[in-house]
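My structure is below; once you've seen it, I'll send some questions.
When the chains are written out, they are named A, B, C, D, E and F in that same order, and each has its own residue count from 1.
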C-alpha cells in the first residue's frame, strides 16, 4: 500500500474530491495546513503597517491506496488540482507497511474502501 | 522505527491516549482532521436549505515507536478506538529511517520516550 | 527523496523557517498540532476547579527534500528549534518514493525547489 | 451647559436613546451578516456596513436630510436644500412643527434609518462586490433611492404621505426598499461562483446571534422611537415590536421543524428579524394581538420565501429580499387590515376596524411603488457602475475572498506568532 | 403620532429604555452561556435562550401577566385572567394604581423578567437536554413556577408581599427561583457523561466576556428600571448595582487567587454577575456602602459555592445554583439587615437600621419558600417530562453535541468552502 | 418606591441611560482591544479592562469622587474628602449646585469616565504586563493621575477650569490623559520581544468590530450625557459625535487607500474611534460642519500618527497615544478655533467665532499640562513598580502569552473534549 499526500489550493478540494470519487477512491483524510514556497503570501495591512504573510493556506489530502492504484490516483489529483498558477502544490508518495480498519480489524488492502477493478 | 498514524473519532481520543499510556507509550502528536469515507457526514440546515456535509471531524494521532512495539501499539489503538460503528477510522504504519529528539539531539530509539520492556 | 517531519514549539517556527531558507530550502508545509509527551500541559482554572491540559500546542513542519540534504536539513532544524527545555520536540525522517509538482507535473527532485549545490 | 431651547426632556431623552439604539443596529447588522458569511468574506461585509455608517451619515447631514424633509419642490417628489447642513435646534421642518423634540434630534434619529437601510442592501451582493464599486453605489443609491422614498412617505408633504399611507417606522422606506434594492443588486451582479451547488454556510453562528441580539435591542429604538416622544404610542410600539419578534421566531421554527424536522438557531434569529421587519410599519398603529398574528405570519412566510431564490435563480446571498422585502410587504399591507385609531389617534382604521378599503388600497400602492422603484433604480445604478468602474470582483479575488483581496486583511489570524511553551 | 395618555415622559423614557435593556440581557446570557460551553453545545444553549424569549413573551402577553398581576383569586396565590392580553394604556393593575408609567410599559418591562428567568435555568441542564423537551418544560415552568412566585412577591396582593417582603428587582422571583429551578433540573437530568472527570472548559472566553458585558449593561435597566420611574430611588439602585458588581468581581478574584494562585477572566465576570445577583433584591432599598459589602460577600461566597457541586455530585453545568441561587439568597436575606427607609420611603428598616427582626424573618421566609417551591415543582415537571416525551438526549447525541444532534447546525464552519489562493 | 427628591425625570432618564452607556464602553473596549491582540494575549487585556471597572469604581465611590469634585483644598489642585462615600441624592457638589440631576447620578456618570480612562491605558502596555503589577499600577494611577486632572478640569473649582478651559466630555481628562499615560507605560515597559520585526496582527477582527460598535454606541452617552440634561446641548453633542465618527472613519480610510492602496476594516473602526476622541472635548460647544471637519482631520492625522511608534521606537502596542493622545490634542486645541456660544451659551467663542486668542491659549495650555503630567507621573509610577514588585512578565511568560501565564486560561478551547460522531 501507499500513502498519497497532496498539498492543494483550498478551493480545489471539491474538484479533487469529486475526481477521486469518480475513479473509485472511497476514503480520504483532509486537514488545514499553511504552505511556504515560491508562491509569496499576501500582504496584510494593519494600522498603516504592511506585512507580508509568508504562509499561504493550503489543504492537505491524505489517501491510503493499494499499490496498483498509485499512478491513477496521482494523475487524477494532478489534473483536478492544477490551476496552472504558482502555488498549486505538491504530491508525494510514501510506502505503507500495514493498514487496519478500526471498526472491523481488517488489514491491508481490505482496510481500504477502494472499488475493485479500477 | 515506525510511525503509526491513526484516524479516530474525536470522542475516542481520551481512551486511546489512556490505553497507549497504559502500555508505556510516552509521547504522541495529535491534530484535527476531516475525514471522508463510508460514514456520511451529517445534514445541516441553513435557512431552509439542507446540506450534507461530506467531511466528518476526526482526530489524527501520530506515534513514533520502536519496531518491536508495532503490533502492541496497533492492537491497543484498535481496541481503544473501536466503537463498532461506521467511521471508526483507519490505522496505517509507515517506516521511519531516523528520529531525533530536538532537546538533546538523541537519535533513533533513544529519541522516543517509550518505557522499556513493554 | 525524504520527508522530514518536525514537531517544534510554536514560537520557534520563525527561526526554523529562517534557518531552512538560509540553507536553500525553498518550500515547506506547516500545521498546528497538539503534542503529548514529557512536557506536561499547563494548568487551567475554571470556576474554582483546576484542570491539567495534557496536550500542548505544537507546530508540525513537513519538508520534502532530496536524499543528499537529509543531514543538513535535520541538523539545521535541530539547531534552530532547540531551546534546551523539555518539549522541544522530535524530528523524524521517512522515505518518499515519488514527488510531483502539481503545476508543472515535474517529478522527483525536480518537483522540489531546493537550491542547487547546498 | 445651559439650555438653548425648551423641548420636553423625557421625549428628548427617549428620542436620543432611540437614535443611539438605531445607530447600534448597523454594527449589529455587521455582526449578523458577518457571522452568516464564510470566513473569507467576513470583513468584506462588515466593512461595507461600517462604510455605510460613515458615508450615509455625512451625506444625510450635508444635504440628504434636506432633500428628504425640506420644503417640497412640488408634487411631493423631493425636498429642497433649505435644511442643508441640518440647521439648528430652532429650525422648522415643513409639516413637522408639532415635533415634541428638537428638529436636530429628529434629524439625527432619521439619519440612522438611512444608514441601516443602505447597509442592509449590502447583503444582496455579499461575497462578490468590489469595495470601491460598493462605495460609489451606496452614495448614488442614497441620493437616488433612499432620499426620494423617505420624502414620499416620511415627509408629511411627500406624495404617498398625501395619499394617507401609514408607515410607522419604515415598512416601505426601510424594509421593502432594502429588500428590493438588494434584489436588483443581486440580479445585476449575478450568482456567486459555485452557488447554489456548494454549501455556503455561516462561519460563526454565535457571532450572528450576537448581531441578532443587538438588532433586537436596537429595534426598540427604531420602532418605539418613531413615536417621536415617550408617550403611550411609544409604549404600544415597544410592546408590539417584542411580540412580533417572538411570534416571528416561533413561526420560522415551525416551518423549519415541519419541512426539515430540525429547528435551527439561524432560523430562530431570522424569524425574530422577520417578525420585527413586518411590525415596523405597524408598530404604533395596531393592537397587541394583531401584532402577534402579523409576527407569526411573517415568520411562517419569510421562512418559506427565502427558498424562492433557489427556484428563481437569483443569488440574494443573505436573504435581504426574503426577510426584509417580503416581511416589509406583509407588514405594510396587513396594516391596511389591522390599523386602529383606538391605538393611535394620529393613525387610521384598517378594514377590520371599520376603516373600509381605502387604507388597504393606499398601503398596497405604497408597497408596490416602493418595491418597483427600488428594484429598477438600484439595478440601473448597479448596471451602470458595473459597466464603468466595475462592481464585481474577478473570479480569482472572489475565490480568495473579499477580506484578503479587497482589504488586505484576514478576519482571524492564528498564525505563526501564536507562541506557546 | 398623538398622545393617548399623559404619563410622565421622563419616567416613561426610563422604563422603556430599561425594558429594552432587560430584553438585551437574554441574548447577552446566550453569549455568556454559549461562550462557557464546549464548541459542540454552543448553539444548543443559545437556542434555548432564544426560544425562551419567544415562548415566554407570548405566554406572558396572552395570560401570564394577568395571572401574575391580575386581581387576586384569593389568598394571594395567583391572579385572575382580567388582564389577559395585557390590556391597554388605560388598564388598571390591582394595587399598582400609582404607577408613574403606563401599565402596558410596566407589563412589558415585567415580561422581560419572566424571559430571562426562564433562560437562566437552561444553564442547569446544559449539554444534555432535548430541544423539544426543553420547549415543553419552559412553557409549563413559566405557568407553574414563574407566574405564581411573581404574583406572591411582585403583586401587591401576593401573599408574600402581604407579609412585607422586600424584593426590589427579583432576588426571589428571578434569582433564587432560577437557581433552585436549575438545581431541580440538573438533579433530574443526571450528570453529563464524563463529568466531572473530563475537563469541560469554555470554548470561547471572549464570547463569554461579551455576554457578561451585555448582562452588566442590561442590569442597570433590570435594577434601576425597577424603580418604575426616573427618580432618586432609581439613581440609588443604579449606583448600588455598579458597586455590588465591582465588589463581587473583586471578591471572586480574591478567592481564586488565594485558592488557585491565579485570578481568571471567567472568575472576574462570574464575580460581577454574582454581585449583581445579590444586589438585585436590595438595589433601591439600601445605601452605597452596604452595597459594596453585599457585593463583596456575594463574590467571596459564590466563588466558593460553585465548588459544592463537585462535593454533592449534582451537575449544575453552568453554575446557576452557585451564582444565582446562592447570590439571590445572600441578597434577599442581607436585605433584612441593611434596608433603610432613608434610602427609600417605600421600603423598610432592616435590623441594622432599627427595624428589628421582622423584616429579616420575612426575608428568610420568602427566600426559603421560593427555593423549595422552585426546586420541588421544577424537579417534578422535569421528571414527568423525562418519563413521557423524554428530556435527556441519547448518549450518542450527547456525544456529538446538541448543535448537530438537535439543530443540524455547527457553531463554526471553516470547512471546504474556505477558498484561498 | 416613592420619590425621594424631585429632579427632572427626563434629565435623570438621560443621565442614567448615559451612565449605563459609558459603563458599557469598557467591556466594549475589552472586545476592541482583545480582538486586536494575538490569541495568546486576549484574556490578558480583557481581564485588565474588567479589573479597571471593579477597582476604579470602588475607589471612586469611597474617596475618588470626593477628591475630584469635593470642596477644593486650595489652589484648584485637589478636592477634599467631604464627598467621601459619594453622599446622597441631597448632597451638594461645590460649584455644581445647578445640576439638573441628582448629585449621585452625576457621580456615577463620572465614575464610568474614570473607569474607561484607566482601561484605555492598558493598551499601551499590552502583551507584557504582570497582572498583579497592573492591578497596583491602576490603583495608584487613579489616585495620582486621574483624580487630580479630573479636578483641574471638570470641577468648576479646578485651576484649569478657572482659566476658562473648555472640555465638554474629557478631551483632556480622558483622551490626552490616557494617551500620554499609555506612552509613559509603554516606554517604561520597553518593547515586546520581536516587535516590530514580527507581525503582531489582530487575532479576530470581528471581535474588534463588535467592540468598536459598542464603543460607538456608548460614546453617545459619553458625549451627549455630558450635557447633564436632555436638552438642546445634548442634541448637538449627540449629532456632532456621530458626524465626527463618520468623518474620522472616512479620513482614516483615505490615508490607508493612498498609502497602502487598501482600505481596511481595522482602519475604519480606528478612524471612527479617532473621530469620536477628537470631538469629545468639543461635542457640546461647536456646530455641525466644524464637527465633520474635526472628525475628518482626526482620521487623517491619527492614521498617520500611529506610524510614529515605528519611527521613534516606543511600543505603544494598541496605539493609545496615536489614537487617543493625538485625537485628544486635535480636539482640545481646535476647540479654541471653533467653539461658539451660538451652540452653547455656557461655552465660549473660539478664534473663528470672534472669541480672539484667549480660548485657544487656554486650550493649548490645558492640553500640554495634561500630556506632560500624565506622561511623567505615569512613567514614574510604572518605573517604581517595575523596580519593586515587577511590572513586566518574564520572557518565557511573554512567549506563552498572558492568558496562560497570568490567568491559567485559554481564550479558545477546542481541544479533546470536542466530540463528534
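Throughout what follows, a contact is a pair of C-beta atoms (placed from the backbone, for glycine too) under 8 Å apart; a residue touches a chain by one contact, two chains touch by 3 or more.
Model, not experiment: these values are computed from the prediction.
Among the remaining chains, those touching chain B and also chain F are A, C, D, E. Two copies of one chain, chain A and chain B, form a contact in which under half of the residue numbers belong to both partners. Look at where the CA atoms of chain C average out and do the same for chain F: the two points lie 45 Å apart.
Centre-to-centre separation of chain A and chain C, using mean CA positions: 18 Å. Each chain gets a centre from the mean of its Cα atoms; for chain D and chain F, those two points are 32 Å apart. Residue positions 11, 14, 17, 30-32, 34, 42, 44-46, 50, 53-55, 87, 94-95 of chain C each touch two or more of the other chains. In chain F, the positions touching at least two other chains are 8-11, 13-14, 17, 21, 198-199, 201-202, 204, 210, 214, 230, 260, 262, 264, 266, 399-400, 404, 407-410, 414, 416, 418-421.
Interface residues of chain B facing chain D in the complex, by the touch rule stated above, are 44-51, 53.
Chain contact summary for the complex, chain E toward chain D: residues 1-5, 7-14, 16-17, 19-21, 23-24, 26-28, 30-31, 34-35, 42-43, 46-47, 50-51, 53-55, 57-58, 61, 85-86, 89, 101-102, 104-105, 107-108, 111, 131, 204, 207, 210, 214, 230, 403, 406-415, 417-421. Across the interface of their complex, chain E is touched by residues 8-11, 13-14, 17, 21, 38-40, 194, 198-206, 209-210, 212-214, 216-217, 220-221, 224, 227-236, 238-239, 242-243, 245-247, 249-250, 253, 260, 262-266, 268-269, 271-272, 284, 288-289, 292, 343-346, 396, 399-401, 404 of chain D. On the chain A side of its complex with chain C, the touching residues are 2, 6-8, 31-38, 54-55, 58, 60, 70, 74, 77-78, 81-95. Chain C contributes residues 11, 14, 34, 42-46, 50, 53-55 to its touches with chain F in the complex.
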